[in-house]
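One chain, chain A, appears in both complexes that follow, with chain B as partner in the first and chain C in the second.
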Partner chain A sequence: MTETAFRRMKDLPSTRLLGTGTPMCAGCGGLLALHEIYDILGEKTVFINAAGCMTLLSVYPFTPFRGSWLYTSMASAPAGAQGVRDALDILLEQKRISADEDLQTVVLTGDGSAYGMGLSATSGAIDRNLDFLYICYDNEGYGNTGQQFSEATPHAAKTSTSSGPRGFPGFKKDLFDIWAANRPAYVATVIGTEPLDLARKIEKAKNMKGPRLIIALAPCPTGWDYDPKETVEIGKLAVKTGVWPLKEYIDGKVVHTKIPRQRKPVEEYLQKQGRFAHLFKPERNEKLLAEIQQRIDVYWEGISNE
Partner chain B sequence: MTRQLLTGNGAAAWAARLAKVDYVPAFPITPQTEIIETLSAWFDNGEIPGRMTTLESEQSMITAAGAAAITGVRVFTATSSQGLLYGMEMLYTVAGWRAPFVMINVSRGLSAPLTLEPDHNDILAARDSGFLQIHCATCQEVLDSTLIAYRLAEHEKVRLPVIVNQDGFYLSFTREPVEIPDPALAARFVGQFDPENTQLRASAPTSQAVAVLGGSPYSYFRYELHLAAQQALDVYDEVAAEFAEQFGRDYSAIESYRIDDAEFAFVMMGCFATKAKEAVDRLRDIGWRIGLVRPRLLRPFPEQALHDALADKKAIAIIDQNISMGKGGVLHTEVASALYGAKAAPLLTSYIGGLGGRDISQEELFEIANQLKQAVEKGSAPPPRLLYTAGELREMRKLQAIAHVERQELKLGEESDNDQGEGND
Partner chain C sequence: MYRIRFHGRGGQGMKTASRILSNAFFLGGYEVQDAPRYGAERRGAPIFAYVRAAKQPINERGIINRPDLVIVADDSLVAIPAAGVLQGIGPQTVLMINSHEAARTWEERLNVPGQVLILPVTEEVEDRAELPFLGTTCAGAAARLIGIIPLEHLQQAIRDELAHLGTEIVEKNLQQAAEAYELAAEYAGKVIEGTEISAQDYAKPEWIDMPFEVASISAPTIHTGLTSELAATGTWRTMRPVIDYQLCNRCWWVCSEFCPDGAITVDDEGYPQIDLDQCKGCMICVAQCPPHAIEAVAESVAQLAEATEATEATEAVGDKS
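For the complex of A and B:
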């Protein structure tokens, strides 16, 4: 699996298969990742979507997709993939369609679905060894309904339902590990601002069978409260500070694909986002900042001798 | 053609087999489970081609059913009660997809309180979902209606999912002699699945079930759904006529029993209507002019047929095996709407009976007939009533007394444990 068509930046496709002019916000980190992902997956795909920001990609009579699309509900996109995959398999087995009519079934949901409401359907799909690729764009909240906290919201972040001085009291759920514990074909974290790492992972996932998950951290100017032009910088900082570890689960092992040598202090990432402003103003919340930093340090200590 | 003793569930499974369904997404629930167990055995033995997938919920099951149907295969599924409600979001959704497939619902009362026994509140909760509904009264009808349902669902003027409803226990678990049509004839009748313009293929990318902006396109598509459902009335008549011609069994949109010269009528849905038929016969024996009307189709609603069958009666008893809290019987409201404005419209009386599988006795039906007669004499209908006997109420009071005594015992026990001298109330 070490063969890759993507050795350096200039190997990346510049097709821009996904159309423009969508109603996503300027600077949407989720859309950035989707553009890159779609260029590699290509148009022989059906995107099975759950309720969220990206539902508005396809609004009658327009779609940015060259391939197919099916909107289901907030909870049941993986079951939609099951129905489509089963039907295509039946049609192929019975030779009612030719092999080149086949489609890659791709589930596309936000974190609210992937970490929460859709988790039962996801778990069922993994149990059944469904051949599908799940793409979760993780903007760390219920973005479409105005960024309330979700199961993916990080500790201390302000959201429209955690607006007190300490922000969100809970902790971001570890979807990567939940998936990996089920021994699926593949799990990877990506981010649109690391396009080479992303491309290699999508390339790998595309050529596998079985349940596969890609979690793309999706910097979200609207929900995270920052200027859209900062998306790339914030995305890069998410990786450099170690907040968003880039890794993959494959053949029963977890491998980190990009280990930040000199991790930057997490403050640099937090400071750029209005949702964490209360950690710095009116005065610095040293205790909370230290807690957040420590949690990141502990994570990386655990994997330092991989 | 063979004749076998089959339960309603067995009849439903046979219908799926005869319709040569490709795909069965499934999830167990009493009293439906035997349907999917039967199909599962056939798939596993290789007796029938295709595939069954057990999902992890009905929400997922109905999503998978709709998704497979619009990918281009013939789909069958089944559920009941809590399952139907668990999948409710997707009932509306897949109807909007115009996914043509057939689902059996085995009617069972809804929680709370929890019960396994039948009434029609589950299926009526799906009334406005966009699924068409065919209600059955015999096991034979379950099989035959399911074959008809495929023709209806897949018809180019309709393209909507269809629910075939049968009553839990009374049909689902009761063996009746059922004629199983010759497979070749049944296959010819149902025909091959034609995905028309709803399919997913690499060479023909499509976006399905997309969002709309604003009420205008939304209204357009929703009303289109309504028109398709209304067109299904004529299509049903055509298909049922063809079925009658080929198989000799007649399933008009409403069943009318000894209705033509009747002054009075019972109106009921589902298999309890056979009890009313019995009562009709006995009342006719002693000189009554009374009949029965049983809507088979609930959606689309056979308004004209009901009007034609009932408008000239003196009084009608609508016996609802369901209850809309704060309003009353759902069928009562529906029938009233079909008769509103009729010249010299009949008096309508409303009865709620058979909730949670409670039986409806012949005596009760005779009493209802008497009340119809009295209503006509008085010129006004009595208020709606729950069918419930003094004996039942006495038994209910006993249960309540036991519950009360047990609670007191518990309290007294606790008090003596704590050795506290507080008085009880």
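For the complex of A and C:
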């Protein structure tokens, strides 16, 4: 295992490279993860951003980035990244830029793109062994257009297209495993509310070549229906209840980086969010709650500190 | 033609208010137009919505510049120029503000030609963004001020608009709207239908000739970083985080790291500094600070305290000279 520069909280950078004044909602968990990630990736980055909430980061004439940003349609950010990477490689080869001026090619999309519409372009990019870092902020729905369900929406969650008494009938797709099955350089899950774990993973990913994916669970006050001040609390509960396993795929192996010692009941996480209110009111849906809990328990069976 | 503008913050229900009011007009045989107006901003950002209603077909389009009625859901917006609350207010305009302060105070403060009325905030909540049913309250008051909208039409419009939220919420909204309708009874019919604006009165904007530039100059490309810092998202805030530096134990990282906007930086001595021009007021820092050194203060209270402090400081200087 490589040495990390981030051994304790005080080692985290305090540079705050990402600019303030973005149009993201107050309390946006995606923005929380992004500002932490950007502080570690640094300025030598070019972002290729598929349509979604974060498209609004760079609306002319405003940008919170220090470097370049490019907008693509929902399905084609990895294809956009291929073009940018190729252009940089040509410039390097022709010595029109020095190795020092090279940029990290970073795809930034929501879950709607990463888990669904953009998966085909992603698959192609992995096949071509494109040297890029994919950051997906996963707010479990099409946030920018009013939280319709996506392939990342969890079972039973209420969205604007699954508003019945049982919520979303489908199940969250396992993007981590889909990527890992392709044997890329690196895959990791992170969350902005666990900054040390996040920092170590971004540090690793930054120094690798080839296709790399970071999935950041992004608590979303607007889409998940809770008070913005709860973002960090809800994020921490996602980890403590085992809903969001923090793990990485590296050297062909999956390693869990933070195993909750005493997993809290998933209810504590669900209860804080309006999108799950129908599980508790007008009366508790014991059956559905038990099903959700059981699925988490099954996941964690046999997973111990490696 | 009636021209009405509702001003509020994203999440306060102004779009709903405009839809309810225009629907109520429609039930009374009016031609109507309603539209919300917001950009990429989100919850808390100043927004407005407008309604036109007339017995004849409406040919006017776009933002209302000569309102007959302006309803302000959140009085902290009045002082924000970008919110455009006072735009186009004339002698005929009725301006109704949801406020704890008296109409006189606002009249003196604003010195606008129109009449100022107060919509007393129905519930004592600190954070105005949390006021539920503000949209229906505003629609109810507007309907009565206009005077020609019967309560049944208002109620029907609310049922139509909010049916998908379930009976419990619809009932609560009906009750809120009825209370506001009753509260405004004293001023029923105060709003006078505006006259037609003729195309002849239309003043052409002063066009500026723009030379046609080559694409490398004229394309919407951003040539410099960090320009977002020029956008004052601090105006979204209804609550302000205030740090008690006596209690702060200079852990340095919690509030600064968890602020999604990066609006909290730490100075050389390890004390956090909140950039109030940019803080959107999510209150995550208040919730997360380990020694509870950050308090949430209503923005209106904080602004008043600042103003008082400034006055006292000036007076103190005056005393010395």
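Note that the second predicted complex is superposed on the first by the 301 of 306 C-alpha atoms of A that agree within 3 Å, B and C clash if a C-alpha of one lies under 4 Å from a C-alpha of the other, contacts with A are read in each partner's own complex, and residues count from 1 in each chain.
The rule is short, and it goes like this: a contact is a pair of C-beta atoms (placed from the backbone, for glycine too) under 8 Å apart; a residue touches a chain by one contact, two chains touch by 3 or more.
Because the structure is a prediction, the values reported are computed rather than measured.
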Pick one for A:S160: touches chain B only (first), chain C only (second), both, or neither.
-> neither
Examine A:Q294 and indicate which partner it touches, taking first as chain B and second as chain C; both and neither are also allowed.
-> neither
Given the touch rule stated above, what does A:T63 touch, chain B (first), chain C (second), both, or neither?
-> both
Which partner does A:T4 contact after superposing on A: first (chain B), second (chain C), both, neither?
-> neither
Where does A:S14 make contact in the superposed view: on chain B (first), on chain C (second), on both, or on neither?
-> second
Would you sort A:G124 into first (chain B), second (chain C), both or neither based on which partner it touches?
-> first
In the superposed arrangement, does A:I48 touch chain B (first), chain C (second), both or neither?
-> first
Set intersection of chain A contacts, chain C complex versus chain B complex | 56, 58-60, 63, 65-67, 69
The residues of chain A that touch chain B in their complex are 43-44, 46, 48, 55-56, 58-60, 63, 65-73, 75-76, 78-84, 86-91, 94, 96-97, 100-103, 120-121, 123-124, 127-128
Seen from chain B, its contact residues with chain A in the complex are 22-23, 25, 49-51, 53, 55-57, 59-61, 63-73, 89-90, 93, 200-203, 205-213, 217
In the complex of these two chains, what residues of chain A are touching chain C?
-> 9-10, 12, 14, 16, 18-29, 31-32, 35-36, 56-67, 69, 163, 192-193, 195, 221-222, 227-233
List of chain C residues in touch with chain A within their complex = 39-45, 164, 220, 222, 225-233, 236-237, 252-253, 256-263, 265-266, 275, 278, 280-284, 286-288
